[in-house]
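Quick heads-up: structures coming right below.
Look for chain A in each of the two complexes below; its partner is chain B in the first and chain C in the second.
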Partner chain A sequence: MAMASETTLVTTRNESGTKWWTRFLDPSEGTLAVLLLMPAALLLTLIIVYPVCRLIWTSFQNLSLTSGVPATFAGLENYTLMLEDPVFWETTWNTVLITLITVPGALLIGMALALMANLPFNVKWPVRLSLLIPWALPLSFAGLIFAWFFHSEYGVVNDVLRRLGIEGVIWFNSANWAFAAICLTIIWKTSSFMALIILAGLQTIPRSLYEAADVDGAGRLRQFFEITLPLLKPAIVVALIFRTITALQTFDIPFTMTRGGPGTSTATLAMYIHQNTVDFLDLGYGSALAVVMFALSMGVTAIYLRMIRAKG
Partner chain B sequence: MTLKTTMTLLLAGAAVTLSSSIATAQTNLQVFVSSQHRPDVWRKAFDIYEAKNANVKVTIETGGNTSEQQAQYLNTVMTAKDSSLDVMILDVIRPAQYAAAGWTVPFNEVLGSDAANSMKRYLPAYAEANTVDGKVVALPAFADAMFLYYRKDLLEKHGIQPPQTWDELAAAAKKVANAEKDPNLQGLSFQGKAIEGAVCTFLLPYWSMGKQLVSDGKLSFDKDAAVKSLKLWKDFVDQGVAKKNIAEVATDDTRKEFQAGNVLFAVNWSYAWGQFQGAESVVKDKVGVVKLPAVQGGQPASCLGGWEWGVSAYSNNKTEAQKFVQYLSSPEISEFMAVNAALLPQFPEVYTDADVTKAVPWFANARPVVETAKARPVTPRYNEVSEIIRTTVNAVLAGQSTPEEGATQMEGRLRRVLR
Partner chain C sequence: MSSVSFRKLEKNYGALRIVKGINLEIADREFVVLVGPSGCGKSTTLRMLAGLESISGGEIRIGERVVNKLPPRERDIAMVFQDYALYPHKTVYENMAFSLKVRGIPSAEIKPRITQASEMLGITQLLERKPSQLSGGQRQRVAMGRAIVRRPQVFLFDEPLSNLDAKLRGQVRTEIKRLHQAIGTTIIYVTHDQVEAMTLADRIVILKGGEIEQVGTPDEVYNSPASVFVGGFIGSPAMNFAKGTIRGGQVMFDGGAGIPLQGHLALKPGGLEGRDVIVGIRPEHFMPAGEGHALSGQVQVVEPLGSDTLIHFALGSSMLTARVAPEMRPSPGETLSIGVDPSRIHLFDAATEKALV
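What follows is the complex of A and B.
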């Protein structure tokens, strides 16, 4: 609407014979808005719109840098190849499964951590610090550390189990155990992020509400479900959006822990994209995979946004 | 001073500066060397060249610990058409890929009219690995192959000869295990992790059965042999000859565990020998090396290793770089590297050189192994072929799929890549 009104303004001024550049000296409200938005819009075009368009274009090409042949238009070939590719389906399923397990897992544990951190401690910083550390640790570090934790011979997990009289498992030798180890690591790594956002939400809830509930004789459990949870909803939704999108892009932790093994049973879609583009230099196929992942992320975000709007 | 004389002096000065700068024009060669292959000793070989060629200066660049990581780095440099690297060392599986991508300069012009003939000086496998469609795309740096390492002391103690077949190896391992009753002693260690080494793990028995994976650029997959190969390794795990978590074992894990005295037989490359004889080794002077066993009724087969010198197509000093590579790929440097870095020579005659046999006596036995070693499939899409084979080996050894399922998956995926 602003654009439309601006164009009419410009035409009238031009007709009245004003020099075009005077608009910059004495801009109308519409022109000013466009001018002020321009730098940000240009930057976004450069770093988001252009790469995404380029990605989609490349996904319709036969472009392999190891072949020595220039790119040719391939139509939907990369996409039909993808549908027949068992590894694509396996890695996509693994990605969805990781999301379905680790997002609710991190939410529950993050919520518990936030509630504990919100208790009236005398000294608050040790609690806050221990919440921050897993979040501040780089993902690949966490992956490498936990790879050692779960190592069948030298790892601390099996050592503890052995001391308890339980025969440990060779974690990375079985798809299910390797998957479990990865999910545990991701939950450990991400629940502190959930906790931080939820803790911030908790602190915006006025004490007086709880005092009033106390007067009315509501128990702790009732207070949690009637006051805490409803008022936390915006914080939870924000945390869920961020966490779900990063879960769909899971790469670092499985990459450093198992490299997708045994076989390809713990590989994620992001790892498969990386393999095709960086290791195989098959940019056409890799881009087609990336387009699918992009669509997946956009779809999930759209669902969440709709949920927020529906709930008001 | 008049303007005229000033101008004359200035011009004369400029001319002198210009000519002197031409006389001392220096070529800087940036050389990528794999960090696991003694860049410190290569440096000495480069120093000799610098001393002879005053106008050339050589700088070493290293990075990445494994062949795969180094390939990733070089991939980025080459795809960016970066001119900063002039010469790079390439794993034997890569010259064909690099040539197909147009990343290296052929040596045919500098080698003269009969390039094929000049390649005959090398061991045949290396002449072959570096020649693509009649073009010499790289020159051999050094050779390598896989060997069977064994504990001489333990075999002698139990009166066992080094095994000729994999069945004999399993029997020997069981005999020693029953007598020694040492729970930490593994019968056999090999590479089951999804790394490049696992490709060789799969191919050793497969080749031993006389089968090829790729012939004339087409897939010649023998499913029966593939099932048998995968089953051979899985049986070692099931029978307790190899440890249960062999799917976690990479090349250097095999080396470390053998060096710590926990392994009876080990499949490994030649580099392990030097480490076994080192001061920190528990098994110093207790190690024997022989060619790898064969399958029952088959031929022994080893996996061909070795590295090659290529000249970047994006280098600004291609002529100087090619001259330098010709020097590096000469019998003199081969001998120098054998004596000082225990790298296997790419020339047959260097194995019997007096200085070499004195420094590394076992090289005399290594020559027939290198000569009969087989090259991994030559294809521009080798990275994908490798990934398919190693993840399948890994999945089978982890019990994730049966040898039959593994072979079926492998065939299906290889057909898609080599279509």
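What follows is the complex of A and C.
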């Protein structure tokens, strides 16, 4: 009651135009929207827009903390340098390759895990828990564990191979094997995340649809392709967006497993950025590399979003 | 089109007995309604017939085939689900075409079938829509269309009208009946609504606690209920029940009033002498004072319905409801004088609650 009568009072005063700020006490819908969005917008500006702008700005500068020279405007120098930098091309290629291998890999395995976890188990929590654990494990932890798994002498992988009568390899001495080990580790680590999202999607599909399909005469395989897969599409796209962006930023697992070696054969773009900014303190060049990675992520997101919109 | 038979059909979930040995023969082209209160095993029975639920004991035949072990797709049945279960990502046309496509029917044949079914159901203008763009009634029709195009041996309906509002329910009910008259396929229809059962069925099967309480035509179950349960379940407003004793060719209520036994009830009054009974009187079998056998009671509540008036009155320790002509408007507290047709009362054994005579 008190509130209501106060509002009336303010409105009357507003109409007679006494106090300008009373507008905010009885805002129009548009003003209200702006007011309500303001805090979030401010926060976003502070933690995202500003750093990104700073990053882009820095990428056009000569700013190396080791040179002792103050920053100067460099134009596109960092970018032209990049085009001629073989390590940039190699790490970018590695990153793209890791993305192309581990995203579909994790999708397929995650889908299989989700379908298994969705079977009518009597006790559901052990299944759910075993899906959650790899996901909850820190990335660098997974990298360290798998570095041991793939250890040429003490590793469990070579041990199993030996027992099967197959000669193991010195995984981290060969560029290709090291790369394979990293991809396997990433797939292991990330397929549970895929599985969790897909499982959530699976559980929104009503059972009666499958019963209807049973009565309609569709077999299991047909049900999967005609019901499960189309209805999972939104969940899959969301999982793919998240997974692809994190794949483009791959750092922890190769860093802990190989440090990018042998040579730079398993280094990723994120590791190269880290090296330039943190180890070499070349903030200008590092920023330019980061801008490229940012552009890659945005490009991929745009493609996925277009896929969703085309569907809707 | 085909007959269906259940022989000693059972369903157990562990130690829990849900369906307890049902025997039922359903003729070809018959419209049978399974009706009963919630949890009595109607859906379970239907789903066992569809093959969506395993059978714990007994036998189900469709035509001459025992189908106990057959998967749903080999039973040649079509089912309309309570939630319709339309494929949300497929258009109405694709929903209806799906089962035909799966069975490898050429699309040149699919199209005329769908056209025919959608004309019959009045959904031709909806064929390109997705289920999310349809109203509840339209979805219901599409679900029926999906069943019809199959031309199965048997149609199964599990409470197909329960998600519709009252008016639409009446409308679609009529359509289902018309549909059955047009295509003649055997229909087994589950509902908990006795009005649906009465209006649709050739024969009604009343289930209670996983057992058949009575099977009969709508007239049979209405006129000769086999038990207190059936008497109370079929008919609206529900049948009145009062405790009484047979004495000297009369059924005496505990308040002192009595009704003489007449017609089929009078045939063996000697055999019933002294028996404790439950008397069942349908509200519509009361008559204006002066006709039939006179009873009097105290009016408690009067409910005018426009077409009739419902009078709730006390007779001894029992509360009874009478449906009488709309002009009759006694006041609460008044002593009501009302007639009853002695030949239309029902007597049930007080202990077993089964019909006497």
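Definition applied: the second predicted complex is superposed on the first by the 293 of 312 C-alpha atoms of A that agree within 3 Å, B and C clash if a C-alpha of one lies under 4 Å from a C-alpha of the other, contacts with A are read in each partner's own complex, and residues count from 1 in each chain.
Throughout what follows, a contact is a pair of C-beta atoms (placed from the backbone, for glycine too) under 8 Å apart; a residue touches a chain by one contact, two chains touch by 3 or more.
Source: prediction; values computed, not measured.
S.K.: Given the alignment on chain A, is it a clash or a fit between chain B and chain C?
M.R.: On the shared chain A, the partners fit.
S.K.: Would you check which partner chain A:Leu65 touches, where first means chain B only, second means chain C only, and both and neither mean what they say?
M.R.: first
S.K.: Would you sort A:Arg259 into first (chain B), second (chain C), both or neither based on which partner it touches?
M.R.: It touches chain B, and chain C stays clear.
S.K.: For A:Leu32, select first, second, both or neither according to whether it touches chain B, chain C, the two together, or no partner.
M.R.: Touch partners of A:Leu32: none, neither chain B nor chain C.
S.K.: Scan A:Gly217 for contacts with chain B and chain C and give back first, second, both or neither.
M.R.: So A:Gly217 only meets chain C here.
S.K.: Of the two partner chains, chain B (first) and chain C (second), which one does A:Gln275 touch, if any: first, second, both, or neither?
M.R.: The first partner, chain B, only.
S.K.: Could you tell me if A:Leu209 is touching chain B, chain C, both of them or neither one (first, second, both, neither)?
M.R.: After superposing on A, A:Leu209 lies in contact with chain C but is clear of chain B.
S.K.: Who touches more of chain A, chain B or chain C?
M.R.: Touching more of chain A: B.
S.K.: Please give the nearest C-alpha separation between chain B and chain C in the three-chain superposition, to the whole Å.
M.R.: Here the least C-alpha separation of chain B and chain C stands at 52 Å.
S.K.: Where on chain A do the contacts from chain B and from chain C line up?
M.R.: Common interface on chain A, chain B vs chain C: nothing in common.
S.K.: In their complex, what parts of chain A are in touch with chain C?
M.R.: 206, 208-209, 211-219, 222, 226-227, 230-231
S.K.: Give every residue of chain A touching chain B within the complex, in rising order.
M.R.: 65-68, 81, 84-87, 151-153, 170, 172-175, 259-265, 275, 278-282
S.K.: Quick check on the complex: what are the chain B residues that touch chain A?
M.R.: Residues 68, 72, 75, 79, 97, 100-102, 193-194, 244-245, 247-248, 380-381, 383-384, 387, 391-392, 394-395, 397-401, 409, 412-413, 416.
S.K.: Quick check: in the complex, which residue numbers of chain C touch chain A?
M.R.: The touching residues are 50-52, 71-73, 77-79, 81, 83, 85-89, 98-99, 102-103, 146, 150.
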